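The data blocks that follow each hold one structure.
Heads up, the next two complexes both have subunit A, just with different partners, subunit B and then subunit C.
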Partner chain A sequence: MSAVAVTVPARRSGWRQLLGFNVFTGVLLGLGGWFLGHFIGTQIHGESLEYYSTEAGQNDIAIFLGYGLGVLGFLIGLGFLNYPLRRMLGHPPSLAERESEEYGLMRYFSLCTDHKVVAKQYMVGIGFWFAVGGLNAMMIRTELLRPDVHTFGADTYLTLVGMHGSMMMGTMTSGILGPLANWLVPIMIGSRRMAFSRIESFTFWILMAAEVLLVTTLIFGGFQTGWTGYQPLGDQGVAGYDAYIGFFALVGVSMTLLGFNIIATVVTMRAPGMSWSRLPIFVWGALSTAALMLLAPPMLVATLLMAMLDRTAQTAFFIPGNGGSSYLFENLFWFFGHPEVYILALPGFGIVLELLPVFSRKPLWGYRLAVAGMLGVGFLSFFVWQHHLFVSGIDADVRPFYMLSTELISLPTGFIFLCAMGTLWRGRIRLTVPMWFCIAWAFNFLWGGISGVFNSDVPSDVTTHGSFFVMAHFHYTIMGGLVFAFFAGIYYWAPKMYGWKFNETLAKIHFWLLFVAFNSTFGPLFALGFMGMPRRVVTYPLGMKFLNDWVSASAYTIALAMLIFLANVIWSFVIKREPAESNPWHAKSIEFELADPVPVYNFERIPVFAPDPYPYGVEQPAPALASGGGS
Partner chain B sequence: MSAATTPGQDPQPKRDHHWRNVVILWLLASAIFDPLILIVWGPGLPPGNASVQAHGQVIDNQVLFGVAIPVAAAVIVYFAYVLWAFRERNPEVVVDGPPIRGNATVQFWWLAITTTIVLFLAAFGTIRLLEDGSGGGQGPSPIAVPASATKDPPLQVQVIAQQWEFTYRYPSYGGVETRFLELPANTLIEFHVTSLDVIHSFWAYKLGVKADANPGVDDVAYVHTVGPTTFTVHCAELCGLWHGYMFNSGRVVPKAQFASWIAQQERTYAPATKVLPPYSKTYFPSPLRRGG
Partner chain C sequence: MAASAPAARTIEPEPAEWQVRLIRLSGRLMCGGITFFFVSFLFAYFYLRALDLNHGWKVGPVHPAHGLGISIMALFLASGVFYRLAARRPEVGEVAAGVLAVLLGLAAVGLQCYEYTILDFGPASGAYASVFYGWTVFYAFFALFGLYAIEVQTATLWRQRTGRQVQRPPQEVPRGEPEVLLAGVDSTSFYWAYYVAIGVLTWIILYLVG
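Presenting the complex of A and B:
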């Protein structure tokens, strides 16, 4: 692929930088698009054509058109139409946009094709929405301090529950692939960029647009369906449910393209010598996740478009009594939804297995087994979705099959644990903060996995289904697994990405506080579920007050731990700015061989890779840069 | 690259007792915690013994605990041991460990053991499920019917869910519809769960029954009651604004007491029963208006 440089317009100075194609223009055009779409929608039909009819004066057609044109305007303002238009007018092809350093900070506020810039955009964007989702959780726990309705009404409470679930699911699916895989995958495979660098930027900005859409649900009355959005409850909902549909549909588009881009990059852009058996295990984690992201979310997008048609064009896909079926939505949703939860687990496997060799000073134990584990989890994840519907009245014959397929997933997951355990054996284990997060991952994910066996056993699931037990289970896998691995990755790679060192003391406090508070929050939820507390309720029996208060207090402690992390970021990366060492962990992987800061094109010359991705304890020249890469 | 990195030790280190220590510690931990937890928690595991199905779930939970504790103990003991035994005692110097890249024997036995556990659990769960349905909703054509249903026809009770309450119809008592659930003791109950609007889930925690209520669908679940008791019915599927308040109470009473209660209900609600739609497995009500 040739990188013909486009003529770079001279950089503007001062406030005039704000003119042109960037996020500020995008927001303006987006607002314009919203009003235009809403206006057109109102002209098409003056009021809602809802099956359930409405008295709220809300017009779903106008709202969906507003969302559509608003997002389109936002993307045009960011400049996503420029390149296709230029090509249509006969301009030469190019790969790069705003990659040069001279664009300075504005690169972060616009369409930039440098994969390291997009990764940092993701880091801040994901961090922000993760914090908003976390605040929702704090409000949920505040309401549950007392069994009666006090801080929020039942209505707002359910909207908070739905926003917390949707935001966390929608944001954290890209939580590791967005910031870390976008930064690391090209470097680890010896490439200068992602395969589709504009699409890479597109996935980020469309995700941000989606998040804003979700927040607009507060203007339109919220939605009371939780993140699963079951029909026909969703169809009954006020216009706030339109925001849910718009949000997840755009997230689905973002996820699909992100997965597609990573697959294309890994398949086509590996440097000489980087054969499949030499890929760092993190890349395998990203690749298997990307495969799920490519295959599962299109189903979600299609499902939500059907729900949108039910609400606007008077179709009845999901409306029983008009020929539709409530089961159809459940099946389509979980056909996406179950691979989705493995999208949230696999990148964590990749990070942990990538870090353990570094901190054990040993090669990865059972490389092929680890790869088989990741691919096996990914493959099996498409065959388990009806375990969410064990008591829903699905065909009773299929339940033993789904019980078996669900329990089979513990085999490839067991491979990952075996590889982690084998890597530690006889190592020279260095207990750094990222290492502690990896160990905590193993501890938390263990309980997530074991509680999953209870859920997969139909007789046991009859009681645990839809209870706090399930809620504790998936928080142990997603928060205890993914989020802990995410922090391991941040403490490990962020000093290289940003060039500043973390404050070690604050990092340790953050870890221990988070680890203890996490287990103190979600451990008792298993007990509450066993005691019979259903999910998503605003009230509960008085006898459960003590445990609920305990959980709320622990949840606030999680928030405190997160604030300590935030303080560490501000202190270390903004105020103190102590330069990080180039290779603080003495790692033998290529990303730590690069110059500081990593140059725009990563490598002066494309590296040649040696056979061993984890040359610990053996004599092998530093892996990649045969001809002194970097600067 | 760090200059301090040195090549590792001999890949075949001298014989030591690490393996033996891990195994002994694991056996010890399992031998202590497995019986301890089963004795302390085992009898109190949910959902209790208020019905045959609930008791069956307790047994499932006990077996799962019994299997899960040694597995968890293996992982935790292993991690704790290696983190202690193989921790770097001199972090100032970066020394590599031995380049062990796998072990076919360990991998084989790991796969063999985990596969055995998984297949055992799947077979166990399937057998338990097919025995008496375990109280779960099985849709309109149940396959896991308790054996006692062939001797005596079970008592049919229809559960009608709507936003935001449950009502109950007894087709064998003139289709009377009550607001509270009362059941005879020592009887096999055949619940027919349906909904009038959105998806709900009929959950009588103590009886060990949970069955989703879908509009237009007849979801069957079996419960064999034991002795007299009281229980709470709660909606277990998010169904809108007052989902959290969609609960009420029920009772299991001796058969004679049930007979007089249901006769009284028939009398009391006779005028209402006349104007109810005829008993049916499903109902299609007129459309609702949008909720708040």
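Presenting the complex of A and C:
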């Protein structure tokens, strides 16, 4: 095939762009779809289905139909139906849509197939919903300022807990893969795009639709199940639980397709020379996460569809009175739920291991061991789910197997930790802001891992299960691991992605405040757990007030740290806009060799990769472009 | 915050084999995802059957329509076999086989919908009935996506072979080359054959084992 000339088309006028397929049209059609679906649901809701409507004053069929047609309308408004219809008529595949400069800023508000635009859409979208989830946490801590019920009431408190958990778990599953892997993976492997660029965009917009669905739970009375949606509490819940089902089902679809796309990209679109043993470790992190995302979320979607049928068609999957079992829900949910934990953790491993060689000026120690660790964690995560059911009345003979398999997972995790420490050992360490976040990750994750052993061990789990100890553990692993790694990645790559430099003083204040406040918030929760404070209970004994006040004050400080980060973004990227250097960290990876800003097509010529992906401190050329690629 | 630089350059095209490998792999990956979706129903079947809580496995007369079940399974099976054979042996004719596969698949989905109207039990007739309805409803629903994929491949091939292909500006990735189109047929037929195999398993579990 011969080379193709790329030209710059004229930019369209703002008004012309508003009248077309974009998020504004999507919202309008989404609202129309909701009302149409609700109307149809109301019409078909006959006497045979009066059970729910009379008992709970709700019409779940109308709500689910409203959600379904609302989301469909939103996607049609964004233009997601145009291409499938063209393809049905036999038109050949096309891989580019709204990528060129012609569309200007409207690319960010519509279906765009440039992976860098989608990554930025993710960055803003995820950032917004992460902030909303954080706001829920602040409200939870406000309620816990006093031992009795005083601000929101017990039901609203439980809804806040459920929304916080669901929003954080649902949003942050794509927290690293969405904004960072979508931007970096194609570039790191020498490709111009993600394998399925429309699917890439679809995963973002469907996630945004899901978040809106979850917020509508407030209109319908909320849900009192927490993020796990346990039955039979869920089935007995008011219509707010429908929002939970819709939210997580859409998140599951988004996750599955995101994983599918990343695997397809990495397996088939690696440039010449990019063999498996030269793949950047961040890409390995994304790939192992993607494998979990492809396989585990479909079970979540199926489980939630069963719950939907229980609430609309009177099936009895989870209703014990009619042959179902609430334990079925627990089993199916956690078969997804535990891999989900590693879906959150693995990309963070990838970021940290990618950054440590840069800031210690040493090759990554134990590259193959780290890869084995990531794959091992992913594989074993499918064999541990029953440890969540240790105190749910499962057969006692089953417990040792799951205790062993859970404790076994600390081995591959240990590999990764070992590789991180081995890379730091005798390195010429530069304490930049991204590096501080990496070190903090190691500290936090260590505590998260050690406390996890207590939860995987049956005797100690029986004591701590359902208490604040468990909450402290998973916040140490997920917030301490994922969120700190996420910020390391942001400070490291955002100057390249956006072209502007962060204010370093504000960045350092952000880090230290966050690190201290994080440990000050979640450390005492271990103690509260040992003292017997249960999760999801709005009141507590007076003797626990001091620790709870301390935790609340620390949690507000976390919010302050986040506000400082936001201020830094606004100051550095909107107000001051000091151009960033092309390679501010003197990194040797390929993304820093590209021109600023990175062109739509990434490379004029497909790069050819040279031997070592981490040639720090050794006499060797940069890992890529040995044969004249780049832009 | 511009994501991309103004471009007025000549760029090297993507290696042609990327797109072919990509399409072939995508069908296989989808098989992985759909397997785990239906494993949930398989797990629910055995779990609830083993528990038989309150003797609620089957409540009242619960008899699936065996004749219709066999017909639905046979139609899906014929659809999958025809299309896979056509993909493996081009002399069979992918376009004709594609049309046939879509028609057979739609007939199977139609029969599945009809079956719900004549069954002597409803979704509330115990755990078996729940699994039966849930599994078959979503099997038929997701079959429509597979049939859509076959229709797309068939329509694209038909346009290309009858010279009705729409000419578009060149892109840096291969789109309409014969090997890309055939890879699409191969990938879709693999996925569809796999999906039909899940259907056969569904039939064995829900109708034969019962």
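The rule we apply is simple: the second predicted complex is superposed on the first by the 600 of 631 C-alpha atoms of A that agree within 3 Å, B and C clash if a C-alpha of one lies under 4 Å from a C-alpha of the other, contacts with A are read in each partner's own complex, and residues count from 1 in each chain.
As a convention for this text, a contact is a pair of C-beta atoms (placed from the backbone, for glycine too) under 8 Å apart; a residue touches a chain by one contact, two chains touch by 3 or more.
Just so it is clear, the model here is predicted, and its values are computed rather than measured.
Enquirer: Let's test your reading of the overlay: on subunit A, do subunit B and subunit C clash or fit side by side?
Expert: fit
Enquirer: Contact-wise, after the overlay, does A:306 reach subunit B, subunit C, both or neither (first, second, both, neither)?
Expert: It touches subunit C, and subunit B stays clear.
Enquirer: Could you look at A:501 and tell me whether it touches subunit B, subunit C, both or neither (first, second, both, neither)?
Expert: In the superposition, A:501 touches no partner, neither subunit B nor subunit C.
Enquirer: Thinking of the overlay built on chain A, is A:595 touched by subunit B (first), by subunit C (second), by both, or by neither?
Expert: second
Enquirer: Report for A:421: first if it touches subunit B alone, second if subunit C alone, otherwise both or neither.
Expert: first
Enquirer: Report for A:617: first if it touches subunit B alone, second if subunit C alone, otherwise both or neither.
Expert: Only subunit B; A:617 stays clear of subunit C.
Enquirer: Thinking of the overlay built on chain A, is A:101 touched by subunit B (first), by subunit C (second), by both, or by neither?
Expert: second
Enquirer: Name the contact category of A:392: first (subunit B only), second (subunit C only), both, or neither.
Expert: A:392: touches subunit B, not subunit C.
Enquirer: For A:92, using the defined touch cut-off, is the partner it touches subunit B, subunit C, both, or neither? Pick first, second, both or neither.
Expert: In the superposition, A:92 touches subunit C alone.
Enquirer: Between subunit B (first) and subunit C (second), which does A:320 come into contact with in this model arrangement: first, second, both, or neither?
Expert: Both partners.
Enquirer: After superposing the two complexes, find the smallest distance in angstrom between C-alpha atoms of subunit B and C-alpha atoms of subunit C.
Expert: Superposition on chain A places subunit B and subunit C at a least C-alpha distance of 8 Å.
Enquirer: Overlap of the subunit B and subunit C footprints on subunit A, residue-wise?
Expert: Residues 320-321, 327 of subunit A touch both subunit B and subunit C.
Enquirer: Can you list the residues on subunit A that touch subunit B in the complex?
Expert: My answer: residues 50-56, 154-155, 158, 221, 224-226, 228, 230, 232-233, 236-238, 320-321, 326-327, 330, 360-369, 389-397, 399-400, 403-404, 407-408, 410-411, 414-415, 417-418, 421-422, 424-431, 439, 442-443, 446-447, 450, 453-454, 456-463, 465-467, 530-532, 534-540, 583, 586, 588, 593, 616-619, 622.
Enquirer: Looking at the complex, which residues from subunit C come into contact with subunit A?
Expert: Of all residues in subunit C, those touching subunit A are 1-16, 18, 21-22, 25-26, 29-30, 32-34, 36-41, 43-44, 47-48, 51-59, 122-124, 126-131, 133-134, 137-138, 148, 151-152, 155-156, 158-160, 164-166, 168, 170-176, 180.
Enquirer: Name, in rising order, each residue of subunit A that touches subunit C in their complex.
Expert: Residues 1-8, 84, 87-96, 99-101, 107, 114, 116-117, 120, 191-192, 195-196, 256, 260, 263-264, 267-269, 294-296, 298-299, 301-303, 305-306, 309-310, 313-317, 320-325, 327-328, 331-332, 498-499, 573, 595, 597-601, 603-606, 631.
Enquirer: Show which residues of subunit B lie in contact with subunit A when the two form their complex.
Expert: Touching subunit A: residues 1-2, 4-5, 7-9, 11, 13, 18, 45-47, 53, 56-57, 60-61, 64, 67-68, 71-72, 75-76, 78-79, 82-83, 86-88, 91, 94-103, 106-107, 110-111, 114-115, 118, 121-122, 124-126, 128-130, 134-144, 193, 197-199, 201, 203, 205, 208-212, 214-217, 219-221, 232, 234-245, 284, 287-292 of subunit B.
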